[in-house]
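Once you scroll down, you'll see the structures, which are given as structure tokens.
You will see two complexes here that share chain A, one where it goes with chain B and one where it goes with chain C.
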Partner chain A sequence: MKKSNLILYGTILILGLVAPFIFPGFKLQISFLWILIVLAMTWDVQGGQMGYNTFGNILFFGVGMYLCASVQIGMFFPLAEWTEAGGEKTFVHTAPQYFQGIVFGLLLAGIIPAIIAGLIGYGILGLRGHYFAICTLGLGIAAGEIAGGIELIGAGQGMTTPPWPKNIGGTELRSQFFYYICFGLVIFTFLFLQWAYKTRFGLVLNAIRDNEDKAEAMGIYTMRYKIIGWMVSAFFVGIAGGLMGNMVGYIEPVEVAFAGPTFGVFMVLMAILGGKGTLWGPVIGATVFHLFKEGFWTFFLGWQYVALGVLIVVIVVFFPEGIMGWLREKYPEKFGEVVDEADRKAQVELK
Partner chain B sequence: MKIKNIIITFISAIALVLSSASISLAKVVGDKIILGAAVSLTGKYSTNGEHTKNGYNFAVERINSMGGVKVGGKTYKFDIIYYDDESNSGRAAQLAERLIKQDGVQYMLGPYSSGLTKAIAPVTEENKIPMVEANGASRSLFTKGYKYLFAVLSAANQYLEVAIDLAVEKNGGNPVKIAMAFEQDAFSQDVRIGVVEAAKRTGSKIIIDDKLPKELNDMAATLAKVKATKPDVLVVSGHSKGALTAIRQIAEMKVDVKMLAMTHCDASKLAKQHGKNSEYALCAAQWHKSLSYKDEFFGDGMQYDKEFKAQFGYAPPYQAAESSAALLVWKDAFERANSLDKDKVRDALSKTEMQTFYGNIKFSPAGQNIAKPMVLFQVRCEGDKCENKVVAPTKWAAAKLVHPIPKWSER
Partner chain C sequence: MDLLIFQAPILMVQASLDGILLGILFALIAYGMALQWGVMNIINIAQGELVIVGGYIAYFMYKAGVHPGFGIIVSPIIMYFVGWGLYKLVINKVVDRDLFISILATFGISILTQQLMNFIFGSDVVVAQSNFGTTMFFDGMVTLPNAKIFAAIVSIAFAIGLVIYMRKSKLGRAIRATAQNARAAKIMGVNTEKVYAATFGINAALCGVAGSLIAITFTLHPYVGLPYTVRSFMIVIIAGLGNLPGVAISGMGLGVFEEFADYILGTEFRIGSVFMLLVLILVYRRFKLSRKREYLK
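Now for the complex of A and B:
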């Protein structure tokens, strides 16, 4: 690893690890930032690297959220009685139960959405372009309406996740606990994608984006890669969902779980803002987005979405390729791209 | 690698911004007691969020101008930090945490709607921050053993129970056929539970039980069924949007039903927006200006109505009135506790027993107001001017219930 890389990763790691102690009041917000980064990076697997604009990743977010909470509760208590009003008063998780529940819950919140992604992907990843986008848009909306009708998980009433066990430290410990899991998840996701993009898998995804027919003609079984790509996204998004549910403490089918208009759109925006198709783009995009959003909320009360809208317009007009794309155009040599001055001039003259 | 440097600079800039955003413990600043509130200024509850905010502000101004809050021989004034929760429960929970952890708020006011209150309550409870809320009526809020939640309003399942009883009474004590449609949200589903219980109690039969989607814009399918099956009572609940949609489509499709019971008629300004089309709709409300409760700050309901109208340019719906009442409860609790300590104030809150212009307030151990009944009113028109008239309970009834509703062909 290069020295400058080492410094960069070291700085981020240390900052991430000590952040809860330097900014104790911002723990939850930084945890949300990690979740947003995971959402943006995994969206970029399809939207950026593979060229398939999906609006359906929110489906896995919600499924993960409900699964994790249901497992946490269902492992020890009858789920139906819990979701009936008053459940959390009657049934109290002991500390070991709580942690066992969350470990299994998060695992399943990753695995099951991945399987669902495989099954759905097999059915719809044959669609391309707008057709795929519209189809996935429907998935998220349908899931929200269906979840709102299932009594076992609280239907339209929503369900609460298990409260933090009483005798092991207060809310500070709780937010630290979730902070570090979120931080762990974002690091794991980043390293995994960094590795995956370097392998043949990453190259195939790019080939699909650039020319799927040609890739197929060269003998690549593109369908298999598309499905695996979506399963990878679903796995991480599902875990992020499970964590989100626990941090918010209350799962509502349309607003928290299958939150298409908020998180579903945010993940696309963040990736595009940062520069899709790059490793760092979604990370930077999510960070900028989150900071601006939180800032707007404080200073433009009631107008925050207008301000956000203006920001998006500015980005699209002035940085159509996102922040990373803009940097790449400005400093191509920093990205390891060799610019042949003579050739560039010749091209300009040709025009 | 300059690009890495840029990223490092970027990260350190963020760190600087965060650390410079000072974390002030703002529970009391100077002579101000700071209350925190996340209300819906945008999104589907923005109308009611606005009523909530106006109600809070109206009471804050009134209390401050009439001498403020006297604690320990010192006079304090109220101030509220607002955030916009965008009618989104995830956002609301996040903002509650932000108010408590970053802004140091120790006393909370509730948001608008049961769903958002449900999202915020676990946060305030975990942080042991007392919250007086005025707009979360869902019954499930009061069955979870929350110790720091106090609601000045009656629970959601009481909203339309009375209407069913009334229908049975008008039917000569015989069971009625009920058609109902409820939005998929915490509040409306609780209203539904109340109706189901009332139906069971009276032996009435539920012949249509539809769930309506959130963002309710169309309920033609339900109304078509109502036209075909001719129930005695049609019950609809889906916040303001649900009330408006229901009236619009009932008028369009000319659906004849003997009794139409709804929620949120005054919040949606039904009588004004739909005029004669909304006539005879029966509505459940937490409050009406003609009730005879009194307090020293707002006088009675009529006076509140007049002064609110003068300041905000519209008649106060009950959402505004109950929000104002929440502030009166806070003031009373602070003065009785004679302390700014949140736990002492919490204990004082639990012993609240007072009358406000909005109604009597006394909390059950679960934090529910058990001293105030619901009222039912009916939209009545004289010429082109339509108004809400209280029809039940009989103590305050200003008009007689019109039952059954005249057919569309005869109107």
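Now for the complex of A and C:
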């Protein structure tokens, strides 16, 4: 690893570790930022690296969220009675129960969505281009509508996640606990994807994006890689969903869990804003987007979603290359591209 | 559960008739989508929102004391200009780009329109009373609101009118030429920019008609647009682009499916079943094509 990279990673790591003590008021917001970065990075596995623009990763987010909460509750108490009780807490988790629940819950919230992705992947990843996009859009919304009809997980009213156990510390400890889990998740996701993109797996994903038919003709069994890619995304998105459910404390099918118009679009938008198909693009995009969202949301006073719609149109229509793409065009030398001056001049003249 | 259907044939007739009448309306919206998809190569996610906006126009006529039935004349005229403006503002920048860009951009428009409608019209479920009365069949066992029959007749009339317009008029010929080959049409002196704007306007006008019919037969709500988009997309992919009888038949089929899903699974799963059907149809088509080593394009 180069020395400049080492300094960069070290700075980010230290900043991330001490952030809850520097900005104690923003712990929850920064935790949300880590979750958003995970969502953007995992969307980029499909949308950027593989060229399969999915709207359906929100499915795994919601499944992970419901699954984690259900496991946390169902391990110790009857789930149906819990959801029926609604806001009134008739059951109380003790501290060991709570932590056991969250460990198992998060593990399953990663594994089960990955299995679901593997099962449905063979059918759905055979679609291409806009058919894939619309199909996954339908999948996410269908999941929300169906979850809204199941009584066991609270139907349309939603369910609450287990509250933080009382006798081990207040909300301060709770938000620190979730902050470090989120930070750990984002570091793990980043390192995993960085490693994965360097292996044959990353090369195959890019080959699929560039020309799937040719990749197949070269003897690559593309479907296997597509499914593995989706399973990787589903795993991380599922865990992110489980964490999100616990941090919000309340799960509702359409607005929180399978929130297509919010998180489902955010992840696409963040990756495109940062520059899709790059490792750092989604990270930068998510950070910029979150800062913008949190900084300016309050000025719009109820018009946030109107602003969101305008933002989507503006980014997609006028800025589809993203921040990284723009940087790459401006400073190609920094990205390790060999610049041929004559060729560049010819390009400019052509324009 | 399925036994219930055979034990209750009246219910079955009722559901089928409701479904067919509903399906004709869906087919009209899908016709608009097929038109713009074929001509401009754009998938408009905001299609459903255009329908709902058209519906609100009829609703406000009803509020102002005019019979909402006249919405089928006023709504398309206003919506034509809305569509034209939308094209000039956003769509013309995504026409010749990747399809996903157009999907995402129109998704943004869809969110924007939903929220604006929520602010301007309020989030209540509204309906425009047409006072058309109902028709009874089989001694009152099967009832059909006349508004639904009116809606079906108007939809068919508009669809046939548009088909004739596309065949006979100069603009229709230009639109068809652009759909076949935009570049060649340009060389032959067709102003494709104008053709695109007109196509999007016509699509919006069709949505306006459908919306005003929905306002008198069903209910309106700012957030119910997306299911209409998905239905029309589904109808178009079943029928194929440029297959108008196919659009009509698959529209009716979808309407009947929905009514039956409503009866059998319950109303809370109605929209969910529509979206699941979309997924299943796409996956079915994919497996069918993959036997020939092909894929949906």
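Just so we're on the same page, the second predicted complex is superposed on the first by the 323 of 351 C-alpha atoms of A that agree within 3 Å, B and C clash if a C-alpha of one lies under 4 Å from a C-alpha of the other, contacts with A are read in each partner's own complex, and residues count from 1 in each chain.
Note that in this section a residue touches a chain if its C-beta (ideal position, glycine included) is under 8 Å from a C-beta of that chain, and two chains touch if they have at least 3 such contacts.
Keep in mind it's a predicted model, so treat the numbers as computed, not measured.
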After the superposition on A, what does A:Val268 contact: first (chain B), second (chain C), both or neither?
second
Tell me which partner A:Leu139 touches in the superposition: chain B (first), chain C (second), both or neither.
second
Touch check for A:Leu119: first (chain B), second (chain C), both, or neither?
neither
Answer with first, second, both or neither: which of chain B and chain C does A:Ala80 touch in the superposed model?
neither
Considering only the touch criterion stated at the top, classify A:Asn53 as touching first (chain B), second (chain C), both, or neither.
second
Identify the partner contact of A:Pro320: answer first if only chain B is touched, second if only chain C is, both if each is, neither if none is.
second
Touched chain A residues, chain B compared with chain C:
B
Just to be sure I read the superposition right, which of the two partners does A:Val310 touch: chain B = first, chain C = second, or both, or neither?
second
Between chain B (first) and chain C (second), which does A:Tyr131 come into contact with in this model arrangement: first, second, both, or neither?
second
Would you check which partner chain A:Ile14 touches, where first means chain B only, second means chain C only, and both and neither mean what they say?
neither
On chain A, positions contacted by chain B and by chain C
145, 148-149, 155-156, 302, 305
In their shared complex, chain A is touched by residues of chain C numbered 43, 90, 93-94, 97, 99-101, 103-105, 107-116, 119, 226, 230, 233, 237, 266, 268-269, 271-272, 275-276, 278-279, 282-283, 286-287, 290, 295-297
Would you mind writing out the residues of chain A in touch with chain B in their complex?
2, 4-5, 7-8, 11-12, 15, 22-29, 32, 85-86, 88-89, 145, 148-149, 155-158, 160, 163-164, 170-171, 174, 244, 248-250, 252-256, 259, 262, 280, 284, 287, 291, 297-298, 301-302, 304-305, 327, 331, 334-335
Give every residue of chain A touching chain C within the complex, in rising order.
53, 123-124, 126-131, 133-135, 137-139, 141-142, 145-146, 148-149, 155-156, 261, 265, 268, 272, 302-303, 305-306, 308-313, 316-318, 320
For the complex, which residues does chain B have touching chain A?
1-8, 10-12, 14-15, 17-19, 23, 41-42, 82-84, 86-91, 93-94, 97-98, 101-102, 115, 118-119, 122-123, 126-127, 138-140, 143-145, 183-186, 188-190, 211, 213-214
